[in-house]
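Sharing a structure here in structure tokens format.
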């Protein structure tokens, strides 16, 4: 039986990089399934994602990691990652009161659309406990006050660690995370913002959109950084609206974009199709 | 032969407004072709556009205007307008160096897609004189310096007046108009901004979009007000982009959205399908 | 307290129709909230939807119905309907094995996005009983064979009748209904077809789309008529695809369009925003 | 100074293909600028486009061609092509009476958006001669009757040959080309069809769309094959329409999609971003 691995790389642009990496895979009888590369000519930076199959009888996963580091990544000063697609990532979902993103993610999870484990759901409200219960996923309720926030986050981080959580999805979680939390899960917190950033950053974007009289609303899936709503954008989409739309109907219609954009962003993250460089993303095919 | 008129109205919301207006048309043997109404419940404001046919043998255009004012508009405190579709508006196009919007408007004009007269084109550069010449439209070159700007605008306004210009289209005109100019052509200057406002207002929006790493770029057709890039939005659209796009390719792709959005905004204006209220637009069907 | 009613009308085009209907509402102290009208000039047919508020102290719902029939609809030979928005329609969902549309509808129902009652779910497979159970909605399993089909449909129609079902949603129900069933629920069966009809009618549209090498796939929400996949279209949408997409990924991506298009079609039906005339729909704002 | 070449390849899938090709480029001191590959797992077929820079002092264009054939393409049984981006393709435009696609292509050509030469325009009507004249491009008028068709096509092919035309764009050319013509310019005739194929193939698609009551219309850019409207699809796009749209307004709105889709298809062809395999296309990034 074949195993499948995904290597993501970025490094200074040089000639021969693709040949070197694909030759490495080839030497261990691996076979490239998909290769997507991008060169940022302005930044002189090279980015690549290679998906490849190999046989454990030819080489062990750990050997690939060690040999690639030694033979390729160290000499070429690469930042890189390697993941095997039979290892499912462990994803925590943080929510507040809105159910649409949560329902969408869980329905897709149940239908096998998201290749991931969901060991737990965290919320600062009890309202959606019943949804977690319906799907049989442990629900942790952490009420937050200004005073308790710091302490609560500590407990949350402990919980994530105990459950070996790989990444966190903020599915309309209406709390701002501390720098400490963000640092610990750098490029591993996916948030959905309910506007096409950078328009209408901050709270109440639909109210702002209605006040400005725009003809389009959108949603943005992005990695969380310490600067609010300014992290690297993974995915965006929009819908057309009109003067008929009240704030309420903007909120209603917006939900459909939010849940679709969040799903696509989460899927890209899970499939190792994202790379962050200097606050921008490369999204591989 | 039948004539066709378009009445646009807004006023405080009351019961019976539609019945009163349609009954008025009916009383003069007019016939409603299309009626679109909208009530802004928050503002308690009523908006309506009625397109109707009538016979000059039954009532003269001027009589409609006088009688509607007396019988309907004055008693109900309406702001309203009346236009007959056999009167073509006179449109001036202001440009700088980019040709795509100009070409698109002129090609559509030639093909009969824009029911309008174009008596003149104004530019602060001579670069596109050849395009105006190709289409046989008088081209006025007004070079602008910081010092001459005020004087030049005066000449431009004089030119517009002499040519009985009804409205002005800024087809990528890279100059900021004075308040005086804007006042004189209030809700009669249509501009294309090369971003989905309010994101990336100001100069060089594609550079800003590239720097921010967005996955969508757009364009906004709007009426010009004295606050830069903040006027009532008529039309917006977007296209999806990716990390493959350089600033150059954003500019290239953006042009396609710009020209389409500008055309739709201009068409809506010409067909009296726009109404401005408190810096927002109602766009009728 | 105010009640809200919705009148939908179509009839031969004549002058004065709007004035007559709005005047009727006005005479009973009703107030028009929204009016959308359309005249098909080719067919000389007039279509209108009026949403209005009224007080039961001024006129009773039954009186509106009787008086409108007598004073307006009969003299003007109208086909018309009247519904009060405090009466929730009773909707039955028919499914087979695919869960995405069902989950989406039920999540929206729970979140209050669909103003409707869902007394029951019908399926020819037991696979999704657990979903119905999660949401506490009675699930009826009717296995179907070629031989039993006619008899089973009778039982289904009996069940719908006993539960006073107003309309049926086929949420990826993979059975063809008999003419008898369709006749009984004419313009009251909303189906989602997984292609942009008329392209790829029939079974396995994603396979057909893949074989043809299209760059767009879509979904169509339509009323069911006796001719397969040929009923009046309510809503359509699409997504872009590429040569990277396998049949599997088309199916995956298609689901997102299907559930959104089905929801929008169902919402339009519930809100009385659809009118069918000669196998085409008018969709009001 | 650097030269830039584009290699397109397809062949049976094998391991090591990417390494071999990129290593070849590397050996001649070439440098990969962009590489996009795709493997069709069902067909076991490998597709790749590589854009690379090289110095004529290191290797001559003809040597690349000869050596690649000998060292790579022959041993690996590849179908392949090589083009240098400083050689502009020579494009002929065929038109009938509609001007929108022609104007759009010529305006883009003038603005430098299409890196191509346009030695001539062919038409079966004289209506658009003035457009060709405006842009200073030779216009050839070939009136066609049933009887003359075969003879006329011969003259057209002679003209194309004399002008060393590389490929033909049918910009709403309302004539069906003979198999002989199509054979001679296989995968080198780009057509715009005014519907989202396979829906509404054949003549008068907007009439058919109006009759069917669809909510979306579209356009398809494709290579012409002997089976009408059935050739490999390069690009498709759509716009939303409503019951308000008459056939006339469908035609009007459709033009905007047609010209945009045709431009994108032509641009992909010019930039060697298309590959045809078994009546489907691979469209590279």
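Going by the order they are written in, the chains are A, B, C and D; count residues from 1 in each one.
The rule is simple: a residue touches a chain if its C-beta (ideal position, glycine included) is under 8 Å from a C-beta of that chain, and two chains touch if they have at least 3 such contacts.
All figures in this text were calculated on a predicted structure; none of them were measured in a lab.
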item	value
Chain whose average C-alpha position is farthest from chain A's own	B
Inter-copy rotation, chain C to chain D, in degrees (Cα atoms; steps of 5)	180
Rounded Å distance between chain A and chain B, as computed from the means of their C-alpha atoms	42
Whole-Å separation of chain centres (CA-atom averages), chain A against chain C	36
Of all residues in chain C, the ones touching two or more other chains	38, 41, 244, 285
Chain contact graph, described as a line, ring, star, complete graph or other shape	complete
In the complex, chain A residues that touch chain B	38, 40-42, 196-200, 212-216, 218, 232-238, 242-244, 246, 279-283
Residues of chain C defined as touching chain A within the complex	99-100, 103-104, 107-108, 110-111, 113, 134-135, 244, 252, 255-256, 260, 263, 285
Footprint of chain C on chain B - complex, ascending	15-19, 22-23, 25-26, 29-39, 41, 285
